[in-house]
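The chains carry the letters A, B and C, assigned in the order they are written, with residues numbered from 1 in each.
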Amino acid sequence: MRRLALLVIVATTMLLSGCWDYLELETLSFAMGAGIDAGPDDSLVLSVETLKVEGGQPTQMTPYVTKAPGLTMFNALRNLTNLTGKQMFFGHSHAVVFSEEYAKRGVGNAVGFMQRDVGIRTNTWLFVVRGASAEDVLKADAPLGTSVGHYLDRVMQVQHRNPTSIPIQIWEFNRALSEEGLRPVLPAIELVEIDDSKVPMVEGCAVFKQDKLAGWLDAKDARILSYLRSREVTGVIVTELEFKGEVKRVAAEVTWSKVKLEPKWENEEVRLDIQFNLGVDLHEIGFADFDYSQPDLKRILEEGLARQLKEDTEHLMHTLQKELESDVLGLGNLVKKKMPSHWRKLQRDWEREFSKVPVTVKVAVLMTETGTLAKPLKGRL
Amino acid sequence: MRPLLQRLFGKKVRTTAEPAYVASTIKEVTEHLQSSIFVGDDTIVYRSFMTGDPHPRECLLVYPEGMTDSAFLSEYVVKPLSQLSLAPGLWGAKLSEFLSEQALPVSGVEERTLLAEVVDEVLTGDAALFVDGCAAAFIIRSKKLTLRPPSEPQSESVVRGPREGFGESLTVNTTLIRRRIRSPKLKFNFLQLGQQTHTKVAVAYIEGIASPAIVDEVKRRIAAIDIDGILDSGYIEELIKDEPLLPVKTIGHTERPDVVAARILEGRVAVLVDGSPVALTMPFLFTEHLQANEDYYKHFAIGSVDRLIRYTCMFISTSTPALYLALLAYHPILIPTHLAISISAARQSVPFPAVIEVFVMGLLFEIMREGGVRLPTPIGQALSIVGAIVLGDAAVQAQIVSAPMIIVVAITAISGFAVPSFYGVMILLRAFFALLAAVLGLYGYFCGLIAATVYLMSVRSFGVPYMVNFTSFDPQNIKDTAIRVPWWVMRRRPQLIGRLNPERYRKGARP
Amino acid sequence: MKEVVATRAGIATLVLMLMGGSIVYGIGKQAGADTWLVVITAVVLSIPFILIYARLVDLSPEHDVLQTMERALGKPLAWAVTLLYGWYALQVMYESVNNMDNFIVVAGLVETPKVVPALVLLCITILAAKLGIEVLTRWSSIFLWVVLSTSLLAFLFVLEEVDLTNFLPILYNGIGPVAVGTLSLMEFPFLEAVIFMFVGAAYRGKGGARPVMIGGHLVAGATILFIISITLAVVGPEVYKIFYYPVYGAVSRIDVGGFFTRLEITVTFIYLVTAFVKTSVCLIAAARCWSYLIGESNYTYLVTPLALSGIVGTFWLSEGTLEVEAISLQLWRPVELFVQLILPVTIWIVAEIRLKGKKEQAPS
């Protein structure tokens, strides 16, 4: 009897006092993406792309963008709730875009907020838009799919097939911020006009110093940087080859790869050895009489691809060391892990040291498959 | 049998106020029966006749109308006796010896001197013969009960397996078991229960396999029953089960003799009750909810898949409403994006909050089930049409209920029917989980799950832990739970139940 | 009054109890990248003490620890020691409920008053404590598998995020942080096994309490090492230091094909199960100690009042997650050092000497 009484008391307390976190799904407005623009006096403007959901068959979903100013991101978010009358739900949002100006002021506060709040996925992709406002990106036309947020998510998922940038999620950015000897980068977005519609294209990288935007990398450099950071080469390598006085293009897809970044301590200074080992499948070849089944011709092909990768890597290293002076490669982190005693001395002025590090690039390419053709198609007269 | 039982339990099974003995004259007997015992009972037939010349003596046959084969009595009792001439000096013990051993050409004549015993026999459908001058009654086995023929039980139909089911007669039911286990070690102990109904109850087990402690415990608990009537084995179940206050099933019940035989062979004890086609088996473990006799008749792999499906169904049926509610109202972040959006769209114009929807729709379904369960099949079909079309389709069309909710209710219901013996408990668990999920989301659901499992863990059925198959690390205990291993692997009987004789087969039984 | 418990069920309970709380908190975070090393040293250094606990339980098989202490120390001293352990078990219970509560409020139920999840947890704990340690151990022997397979599954999905260079450089900040981390890890969770002495279980297996204590300790150590190492390898030492709940953060990273996402809920589940076992064990131990103190043989009467005192206790303990870390580092250290290390060793030495004498006297 006493037990029953206790049960009744507990049950009624719980039921009468209500269900605090209870929410109705239909009262939420699903955010698909967010954009942050710089406002006056260190404030910001938050734009959120949401879906207008209507029942019926099939379900009608139309994306629309609302925006509200705020002193901080959280403040702006709550202001937005007042504006729409619906709780903004970020559980299914996949993309957050910073404007160039806002990124220059520093994104640390906003990213920290997103990491801290359990309602926001830490695997949300982050972007910096170049030459337009974040709001414009959200209002742009997504080529496929319903919303820009969803479109950007899809683009990031397939990045490894043809890297033009480095996909970065909130937690990765935070990790780069907190680790020693590693500068954060974020993928860059440009609005490109295709047939009257403006499409957000992900190309290149924004390079950060601390949490502030410091410079840009173009798509070509960003591609190599993504190889070095993920220790993996993916996508297609295109190169020009000279054969019998003709110059034609060759394209090959990388099937397996191994990238080694090895810091070495020689003559009282750090050197960096970069070693690529990759296997490729030949996909396209411009020459009609290039018989790649012969070992020396095959070697010419492999060396051509290797040279391309080597040149691109050296170009990237030049940009990083001489123009940006920014260790987005994580070399400092590597030095700390592999040579902690030297790092203690180097860490004080690492960025300057970094720009002086001699770099050696070695590339070894092995071609294993050539599709269904044993020899190129012959263009006989 | 009675002295034996009295010795066993140290207690009289049935007590009479004062032991009355059969009188020696027919007149007195008739007087006594008609005016004090069977007063106002018109079903009792008093058929008096005379033995043959030269010294006719009065005889009286007493039997209940309709329960006795009266043609048999005329042919084999009245006819030979009326042609028999009894010597005038034949009285008392000599007379009874003569009658039972020589005069009556029927088997199974027993002599009774206690009147109460005679009455008892008459009420079960046998005839009592009184002969003038003999202070005893002769019980003539002439029962003729019209019985339902053993048919396939509707509640436990199988695709493959025997089609026989228990009937209402205890003797027939015991033979159904005996026919399957022709071993002298199969024991049936009878006892009588119910002050008014005098219902016969049989405790069946195999000596040498069943644990004597469990058999004794069963008998002790049954003997402790003191009730006026037993109309079905359900009475006994409720009076002897462990955890009487909670709806957890700790005693199994079945209408199938093959199931009872299988359980007895594992070392369990069965209790059969006269007048009830439902046999009880004990101890009952949690896994038995999920076992079906057909699992053992099919290929073991297919039987195992069925088992796993039943386990899944149990989970789905108890948890789906709670999980739906928790995900929808507390963790929409866990629902895949497109699903979340389409549920949100479906709920746009539904006026009720999800909690109300879950509870009302759950209740509505149970109402439909309860409404239809005792209806004849044709009307039952009409009911399901009304339920499906009116409540399901129309409610969604009118946007009173959201379509996902209908799907949840349907999945819950269908999965529930896969585990019929757990159904009642599942309704309660479902409501309990849903309530906690409504207040605290998945955290509440997990807490409910822990509470339910901890509680189940503490239950014992006749001393055997209810969940022993899940907690044990011994492979012998687990092999017949989530899967059904082949017979030759199941060499041992369940531990703690059939420990006395653990080996089912010798080694090397594998074909 | 002891309840007979199977050895493996006892191990399972101890494993879940030691995992309670410790697997979500970033334990040993003082050592940064060396946290894995800290776990190993803490496990190894704890072993002698665990053996002492087991020895105390086994010292006289027919008595429980409280009676053994009474025989060894004499009534007044045993009373004082029991009071200390009764209080300590309650404190650990409050702490466990409080940590769980903070986690729930941070990780999901943001607007729910803290008292509600605590009340629900305490309710199921009361149920378990009333049903006894034997039921709890059998329950644990199932749920250990559930917990282990769930965590294995969750961590299988993060395996591709693992970066083993996060363990480097070894001992970058010297031996100091490792020592501090080891000490704090011994206090929480490994030597909290001291409470397990008081649950009043008699073990069915051959070796008595020793295989249970050592087995549970090592399995728990291995599990914690596995989870902590993978977390560290996924999030990196710097982020590991920042997060309250790094394991939660590591698992939240899972995204397999857009469908297996947000698996943090498995962390909530594992945390709840382990915290439940820990709270229940503490409650049983506390109720046994307190019932000894008031001379009541049936401890179940004390379960409900002691558990409900947890409602008050948790609020007294800390105002929120922010305070939890500070408290567990400052206030607790000397107390735990005394209760977990000094006192058991002293009791053990005294008991070995005095009870040996008693045993020899008994036959003569």
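FYI, a residue touches a chain if its C-beta (ideal position, glycine included) is under 8 Å from a C-beta of that chain, and two chains touch if they have at least 3 such contacts.
Everything numeric here is computed off the predicted structure, so don't read it as measured data.
Visitor: Using CA atoms only, can you tell me which chain is the most central one in this structure?
Guide: The chain sitting closest to the overall C-alpha centre is C.
Visitor: Between A-C and B-C, flag the pair that has more C-beta pairs in contact.
Guide: Looking at A-C and B-C side by side, B-C shows more C-beta contacts.
Visitor: How many angstrom lie between the centres of chain A and chain B, each centre taken as the mean Cα position?
Guide: From the centre of chain A to the centre of chain B is 68 Å.
Visitor: Could you state the distance in Å from the CA-based centre of chain A to that of chain C?
Guide: 42
Visitor: Taking the mean of the C-alpha atoms as each chain's centre, how many Å separate chain B from chain C?
Guide: 47
Visitor: Mark out which residues of chain C touch at least two other chains, giving numbers and ranges.
Guide: Counting only residues that touch two or more other chains, chain C contributes 108-109, 112, 116, 123, 261-262.
Visitor: Which chain B residues reach two or more other chains?
Guide: Where chain B meets two or more other chains at a single residue, that happens at 330, 333, 337, 439-441.
Visitor: At least two partner chains per residue is the criterion; list those residues in chain A.
Guide: Within chain A, the residues that touch at least two other chains are 14, 21, 121.
Visitor: Which part of chain B faces chain C closely enough to touch in the complex?
Guide: Answer in residue numbers: 330-331, 333-334, 336-337, 436, 439-444, 446-447, 450-451, 453-455, 457-458, 465, 467, 470-471, 473.
Visitor: Along chain B, where are the residues that touch chain A in the complex?
Guide: 328-330, 332-333, 337, 340-350, 353-355, 399, 435, 438-441
Visitor: Of all residues in chain C, which touch chain B in the complex?
Guide: Contacts found on chain C: 8-9, 104, 108-109, 112, 116-117, 120-121, 123-124, 127-128, 131-132, 135-136, 138-139, 141-143, 258-259, 261-262, 265, 268-269, 272-273, 276.
Visitor: Chain B touches which residues of chain A in the complex?
Guide: The contact residues of chain A facing chain B are 11, 14-15, 19, 21-26, 28, 30, 51, 53-56, 59-61, 89, 91-92, 119, 121, 150.
Visitor: Going by the contact rule at the top, pick out the chain C residues touching chain A in the complex.
Guide: On the chain C side, the touching residues are 106-113, 116, 119, 123, 165, 168-169, 172, 235-236, 238-239, 242, 249, 252-253, 255, 261-262, 304.
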